[in-house]
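In order of appearance the chains are A, B, C, D and E, and numbering begins at 1 in each one.
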Amino acid sequence: MSELVLQHGCAKGGEPYVPQVCRVIDVRDQTHDVKTIRVQTPEGGLPFERKPGQLAMVSLPPYGECMFAIASQGPDYLEFVIKRVGFVTERLHELRPGDEVGVRGPYGNWFPFDSARGRNLVFVAGGIGMPPVRSFIEYALEHRADYGRIDIVYSASTYDDLVYKDDLFQNWPKEPDTHVHVSVYHATDGDGWSGKVGYTAPYLKEVFAEEGLATDNAAAVLCGGPSLYRTCREALLELGFDPADVVTTLEARMKCGVGKCGRCNVGGVFICLDGPVFTEAELARIPR
Amino acid sequence: MNDATQIVRERATALLADGTVAAVVGWAAGRGDHDRHVFVARTPEEAALLVADQYCGALAAKRVLSLLDEGKIALVARGCESRAVNRFMADRQLKRDQVHVIGWPCPGMLDPATGDALKRCTECQRRNPVLSDEVVGDPVPEPELDRFAELERFEQKTPEERRAFFQDMYESCIRCYACRNACPCCTCRVCFVDQERVGWMGEEFTADQARYYGTVRAFHTGDRCIECGECQRVCPQHLPLMLLMHKQVRDIDGLFGPYPGGGMEPEGPDPLRTYHTDDLEEFM
Amino acid sequence: MSRIGVFVCRCGTNIAGTVDVDAVAQAASLMPNVVYVDTNKYTCSDPGQASIAEAINENNLDHVVIASCSPRMHEALFRKLLAEKTNVNPYQLEIANIREQCSWVHKDKAIGTPKAIELVAMAVAKVDSNVDLHTTQIPVTRRALVIGAGIAGIQAALDIADAGFPVTLVERETTIGGKMPMLDKTFPTMDCSACICTPKMSEAAAHPNITIKTLSEVEKVEGYVGNFDVTIREKAKYVDYDKCTGCGQCEEKCPQRKIPSEFNQGLSFRTAVYKPFPQAVPSKSTIDPAHCRMLTKGTCGVCSKVCQAGAINYDDVDRVTTERYGAIVVATGYELINWANIYPEYGGGRYPDVISGLQFERLVNASGPTEGHVLRPSDRKEPKTVVIIKCVGSRDPHKGVSYCSRACCMYAAKHAHQYLDKVPDGRCYVFYMDVRCAGKGYDEFYMRTLQDGAIYLHGRVSRIYERDGKLVCVGEDTLSDQVVSVNADMVVLETAMVPPEGAGTLATTVNIQRGPEGWFTEAHPKLRPVETNTAGVYLAGTAQGPKDIPDTVAQAGAAASKAIGLLCRGYIQSNPMITHIDTAKCSGCGACVDICPYGALSLVEMTARENSRKVTRVVAEVNAGLCQGCGACTVACRPGAADLLGFGDEGIMQEVETYAYR
Amino acid sequence: MIISKDNMGALADAIGATQTVYVPGTERAATRFVAHKKGEPVVLGGANVRMPPKDLLFPATEKMYRWKKHEGQLSLETEAAAHEPFTVLGVRPCDMASVAKLDLVFLTKGFVDEFYQARRDAATFVAVTCVDPDGDCFCEAMGVRLDAAPAADVLLVDRGGAYEAKPQTEKGEAAVAAWAEALGAGADAAAGDAVEAHCTLNPAAAKAEERLRAEDFDNVWHSVADYCLTCGTCTFECPTCYCFDISQDVRADEGARFRCWDSCMFTQYTLMAGNHNPRADRASRVRQRFMHKLRYFADRYGEGLCVGCGRCIRDCPAGVDIAAIIDAVATAPEHELTEAARTVQADEAKKEAAHV
Amino acid sequence: MPIAETAHEAQGQANEEFRPKILAFCCNWCTYAGADLAGLNRMNYPADVKVLRVPCSGRVNPQHVLRALQDGCDGVLVCGCHPGDCHYSTGNYYAKRRMMVFKRLLEFEGLPPERFQIRWISGSEAGKFRDTIVQVTDDIKKLGPMAADEPSQAVVAALRAKEGEL
C-alpha cells in the first residue's frame, strides 16, 4: 500500500483575485437552511476544472464573497452547497436560476484520489461536512473499479439536516459494494426518520464492529464541525487507522484564496493554499 | 523603592495569599528604566513585581473586565481607574463585589521618554480615587485647573479652520482602534465599525471613514466619558482626541447639567439615556 | 436574488398630472433587482388591486413597491392584499409617497418626475432589505383586575362585570367605597352621597362576576396586555369572613375604644375590632393588628369569646395569590394634602377648630359624630362665624401643588350652603382665588350660595391665630385692597387633592408613568385619555388627575369599555414591527432597558455556546407584548444589537445611501 | 560615486525630474516616505521614519476590480495593475530587508500578486546604511546588517559627510549612471571611512525560534495578553506585516472591490460567518502574531518575519516589547513540549528505529 | 466629507444650477402626517428635500445622519412631534438630547449649522412643514454643495504654519 500523497495546485498567473461572471442554472433546497446552487459560464460551459476537494470563492455583488468547497462538478457546471449562516449566505439563498454571480478558483489542494487507488474508502461526515467529502465520493463512484469497498458514515442533527438525501437513500446504495450508514442526533415523531439515532463517533465504531470492517488497506476521509471532527478523529485512530491514512478538510475564514492575506494561516500553513485537505499525520505537526 | 510600590506589593501579596482575590491588576516594569506596563499578578511571587510610581501611565482598569472569570479581582486604582470602575458598573459590565479597589491617590504621571507630565494627568481633576476598599497613602490635593481651556481656545477658530484641522486629524488617523480598545466606555461586544452587514463604515483607509469612526465613537462615549484621557495617550499618532470628549462633556453640562462626568456615579442613566420634559430647546 | 415588483399609480390625474408616471416606471425597471414594473390608473381600486396580485403571482415577485399615495392612507390595505391574495409577506411592501409628498406639492412634471423616481429608488432599496415579519395572535385572558375600589373602581368593575367578564376588585382599606361614602351631600343636586354610593357598593359585593379583595395590595405584575400575571397580597384580617355575620357583638365588647376613626376623619373613635361604618362592604369586622391587645400584648381575647360564629382567628396570616388577568384598570384615587405640615400659619394643626373639608363633611352628616349638627370639635358648640379657605395647597407651587384640584370650588360652595342652611344665623366667609364652576348646574349652585348669604372675599388668608377664644383669620380682600380680619369660630380648609401614598410604587409595579405631580399619565391627553402607555392598563377617576364625581364615573365607564373591548375580542394581534435583540452583539449594558417607555426590555441571563465554550452572560430581551415599536432603544444601543424590525438600521441605511449616491 | 550629504536635495530633485521620488519626511502626523517637492532639503540620517515604506508597494487601500450591473447584467472590470516608475530614497537596511520578505509573500508560492508586482517592478530602492540605531533597534539580532541592504537597487554607504552610492542591480546601475549625469561629475570629495554602528539591543532570536518550534509558551502569551490592547498599531507600523482584507465600496448598482490592511490583533480578523471565532481571546491573537513573526513565517519561507526595526516597541501604547518577549522565550525555564513537537520527535525516533 | 478637487468651481456654478440634495427624517405620526396635509392642501414647496419615514424621531440614529452627509447629501433635516406630543410619549425627548449633542459635535468639527437641522412639526402644521422645507432648501442653496465647505488651501497653510500641524 503506497502512502497517501496530497498534491498541490499549480501556479496560476494573471489576476488571481478577479472572479469570472457565472450564471446560476439551478437552485435546490437541501434542508431548511441549506441549498445547492449550480453555476456555469454565460456561454453555458464549465467555469473551470476542479479536482475533488478544491475550493472556490463565490461572490455576489454587492453583498460580498464567500469560500466554499466545490461539492460537485458536472459536464458544464459547478455545484456548491450553501448553508445559511451569515449575511452573504443569506443573500446567496435568494439566488434563482438566471441570476449572476462571480466565481473564482479553484483554490487549494485535493483529496488523494490517485494515491488512494486500490484501497477501501471510509467517508465520515457530519451535517454540512458532506459536500466537500461528496466530491471525493462522486469521483470514487465514477471510477468505481479503482477502489475497494466504500463505506459512507453520515450524520446530522435531525433528519431534515441531512443533505443529498437522494444520493444517500436512492443512488449510492445502488452502487456496487457501496454502503451508506446514516444516523441523526435527534429524532422526533413524524419527522420521517426511522433509522439510527446517535452521535457519529460511537456510530462509526458500531458500523466497524457490525460490518467487520478492517483498517488495513483503507483510507478514511473526515469532515465535520469541531466536536464531530475531534470525536471521530479519535474514533478512527482507536479503530486502528494510521494518522497518515486519515485525511480531513479544514475550514477557516478566507479572503484572498491564494495564500497571501494571512487570514487562514495556521502555523506555517495557509489553509486556502496548502489545504484544505490534510492528513492527520500532517495536522499533528501543525500547532493548534 | 517608593512607598506606594512597597505598600501595593504588601497589600497585593496579602490579598492573594489569603485568597481574597484571584488576581491583582497594577503595573510592572519593562525593559527600559522607565518602561511600565499593566501587569496582572496572580501569585504572591508575581505581586513582588508590581510597581506604583510616576511612570505608570497606562489606565489599568479595563483589564479587570477580562479577568472576571478568574474570581474577584483587585485593582490598584487612581482617580481615573476608580472612575472607570464606576463606569463599568453603570454599564453593567461589573458588579461592585467582583472588584477590590486598592485606592492610590495619584501623584500625576510622567512620560517615560521625556520626563514631562502626561497630558492626561495635566488635565485631570480628580486624582484621588472616587471609590475604594482601601487606600494606599494620603489623599493628594486636587489640582485646580480649567480642563476646557484648550477646548475654548479651539472654539475660537473659524469653522473653516476647524474643518481644516479635523480634515488633517482624520487623514492622520491610522484606524488602529487603540483609542477604542483602551477606552473604559468601549465595552461593546461588537463595535459598530465591525458590522459589515449594516455597513455603518467602509473598511477603506480614508479620511472620510476615519471621520465617521472618530465622530461616532466620540458620540457613543461622549455622555459617559470619564475623562481619563487614555484614548489620547494611546494614540500612536498623538491625535487630540480629548477635544471631542471635552466638547461633549462641557455641552452636556451646559445643556442638561450640572454634569460632573461619566465616572462619578456607579449607576446611570447617563445624560443621553434620560430626559427632562423641560429640557432646553435650541432648534427653533 | 430578490425579485422586486414596482407598481406606479396614476391616481387618475392626481399623480399623473405632475409626474410622468411612464418615465417613473421606466426608471424603476432599471433599479437593482427590479424585475417587474407596471402602472395603474387607480391602484387602490378593486381592479387595480387584482392586477397587482396577478402580477405578483405570475412573476414570482417577493418584494413589492407601490408608488402611490401616502402609506398612511393605504399601507394597511395593500398589506392585506399581499396577505390574502399572494404568497408575499405583507411586510415585504414599501410605499413611495408620490402623491401627497410629490405630485400634489409640485406643479411641474420636470420637477415632480425626478423626485418621484428618487422616492421610488429609496423604497426599492429599502424593500430589498426587508425581512418577512409575522403577526401572531396572543390570546387574552378574559378577566379584569380593578385596582382601587372607590366610586371609580366600583363603577368600572360593575361595567366590566355586567359585560360578562369576571372582575377582581382590589382595595387596600377594609371596605370598598373610597372617599364617596364619607361625603354628606353631592353638589349641585344635594343628593345624599351615601344614599347613591352604598347601593353601588352592595351591587358590587353581590355581583356574581365580581370578587372583592379588601385589605389587599398588588405586589407584582408580570406579563403584558392580555396576560398579566398579578400577585396580590391579601393582608390578615384575623376574622374569618366566611363565618363572620357582621353582627357587631365583638365591636361592642372590644376594650380598645380610643382609636381615632379614619372614616370620621379623627372626629370620633372606633374599636380595635371594627367595621369602619355601618354600610361597609364587605359587611364584616376586621381586627386592626396595630391596636388589638391580643395581637400586640397577647392578652385579651374578648372578641373571640363573644363571637358566636367563632370567626375570630388571631393566627390569621397574609394570603398571597397570583392570578392572570387580561386587562387592568387603575383607580387608586386621591388623598387630601397634609396641610398641617405645610401651613404653619394656619396653626399647623394646633387649633382643633381648623378642620379640613372632609372633616366638615363628617360634621354635617347625619350619621357622623355629631349626628348632623354643626358643632365645632373643640367644645362642641355651634360656630356662629365660619371661614372657608379655598385653594389650600392647590395652585400654590411654593407650598403645595401647582395645579387646580377642580372639585373644591363647588365643594366650598356646598359647605357654605350647608352651613348656612343648618345655622341660619351664622355668618360664612369664603376666601377664594377664583371661582371655577364649569359644569351642569354648577354656576347656578354657586349663585344660590351667594344668595344664601355667603360672603366671598378674593384673597388668601395669610395667618390664623387664636385670640379670646376666636380664630382670627387675617387675609386680604384684593378687590377692595384692604386687609381683612375675621374672628371665626371655625375654619374649614378646602385642601388640595394629591396622589395617594404608594402611587409611585404602584406605577413601578404596573409599569405606568406618572406626571411631575405624581398623577398617572394617560397615553394621550386628548385622544387616549383613559389608556396608558402600557397596553391593557387603563385609568379611571382621580388616579389620573383631580376630578369630581360625575367625571370620575364617566371616566370609569370609559376605562371599562376599553377593557371590555379588549376582553371581548379575546386575542390581541401582535405588532411585528418591534425591537429585536441580536444577542451575539448584546453586551448587556442595559441602555435599552433604561430608556424604554413601555418596560418592554429587560436583562436576562443567557447560556450559549460561543467559540466552543459554554458561556453564560446577561443580554437584553424584548417582551413582544409590551414593545410598541418606537425604536428609541435602537439608537441607545451602541453596537446596534437592538434593531427595529421593519425600520431596521440596514433598511434605513439603504434608503440613505440610495438617495445620497443618486 | 560619492555624493555629499548636502547634495541629497539636489539628488532628489534630479531623480524627481522624471519620476516621483519618495524621501523621509513628515506627513499626516508621522514621519514617513513622502513625495519629494523640488527644492526642499533631504536628510537621510537620524531616527528612522515611523511609518515604513511598505505602503509604497502595498497601499493601505488598493482597488482590485470594479463591478457593475446594468439591466440585470453583471460585468467586471479589472483595475490596471501597471504603475509609473518611482524611486524610494533613503531606506534603512531593516526596511529594505522587509521589502525582501514582502517579495516572498506576494511573488512566490504559487500565485503572483499582480498589484504588488506592478509596484515592485516600478520601484527603485535606494537604501542607506544605518549609523544611528536607537535603544529599541535590534535588527542585527534578526540577521540584518546595518551596513548592507542586499535587496536595494542602490546602497548609499555613509562616509561621514558624504554617501558613496553603490549600485547593486541593473536598475541600480542605470540609476547611478543617470545621477552622475544629472549631478555633474559628482566627485564630491569629502568622503571619509564608512561609518560603523551597531545595535545595543540584541535579543536571542535564534534561540527563541528554536525553542518556539518545540515548546509551548502559553504563559508568555497570556502575560503579554494581560496588557496588550490588541490594537493595530504594531501591525500597521510593522514593515513586514502584510495581512489584508478584501472589502468593497458599493454605490447602487456598481461597486469596487478593494483590499485593505488588516491586523491579526483584531477580533474580526478570524471571525467566521455564524459568529465562530477560532481566535476569540486576546492571548491566542498575541500568540499568533509573535509565532507568525518568529516561527511560522520561517517554517514557510525559511526566514523569520521580524527585521528588528523596533517600531512596534517604540509606538506600542501598552508597552508590548517584542525584544523582551524574544528574550523571555529564549531564557524561560524548560517547558513542556508542544503536541506538534512531540509528534515530530516520535516520528524521528520511529525513523531512527527503522534505520537501525 | 467628500473631497472635490473642483470645490470652488462647483461653488461658482452653484447659484444657477445647484440642486441641493436634502434628506428629511420624518416621524410617522406628526411630521409625516404634516407633510401629507401639506399635500392635501396643495401647498407648493421645493422638490430638493426627500422624506424618509421613520416611526419616531427617537428612531433616527445620528449615525444615519452622518452617513447621509458623508455620502452625498448636502443637508439633513430631522423632524418629529413637538415635545410632549410624541406618539410614544418619550421618543422625541431622547431625540432632542441626542440631536442637540450630536449637532454641536458636528458643528465643532466645522459643519455649517444649516446642514443639519432639527424641527418639531405636528400633524396639523402643514404650513410649518412647507415653510421649513422652503427655508432649509434656501439655507443649503446659499451654502452650496458639500464640497464647497472644503477649506481653502490658504486656510490650511495658515493653520499649519500657526499650529505646526495638529
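Here is the rule we use: a contact is a pair of C-beta atoms (placed from the backbone, for glycine too) under 8 Å apart; a residue touches a chain by one contact, two chains touch by 3 or more.
Only a predicted model underlies this, so the values are computations on that prediction, with no experimental measurement involved.
Separation of chain A from chain B in touch steps, taking the shortest path, is 1.
Any chain that touches chain D and also touches chain E is listed here: B, C. The chain occupying the central position, as judged from C-alpha centroids, is B. Each chain's centre was taken as the mean of its CA atoms, and the one lying most distant from chain B is A. Remark: among chain pairs B-E and B-C, B-E carries the greater number of C-beta contacts. Of all chains, the one whose CA centroid is most distant from that of chain C is D.
Separation between the centroids of chain B and chain D, computed from CA atoms only, is 32 Å.
For the pair chain C and chain D, the distance between mean C-alpha positions equals 69 Å. In this assembly, the C-alpha centroid of chain A lies 62 Å from the C-alpha centroid of chain C.
A straight line joining the Cα centres of chain A and chain D is 37 Å long. Touching of two or more other chains is recorded for residues 64, 87 of chain A.
Residue positions of chain C touching 2 or more other chains: 584, 595, 612, 636, 649, 653, 657, 661-662. Chain D has residues 29, 69, 72, 245, 250, 278 in contact with two or more other chains.
Taken in their complex, chain B has these residues touching chain A: 196-197. Interface of chain E with chain C (complex): residues 21, 23, 28, 32-33, 35-36, 38-40, 42-45, 47, 50-56, 58-62, 64, 67-68, 71-73, 87-91, 94-95, 98, 130. Touching chain C in their complex are the following residues of chain D: 69-72, 251-253, 275-278, 280.
Of all the residues in chain A, the ones that touch chain B in their complex are 64, 87.
The residues of chain B lying in touch with chain C in their complex are 91-93, 187-192, 195, 197-200, 220, 268-269, 272-274, 277.
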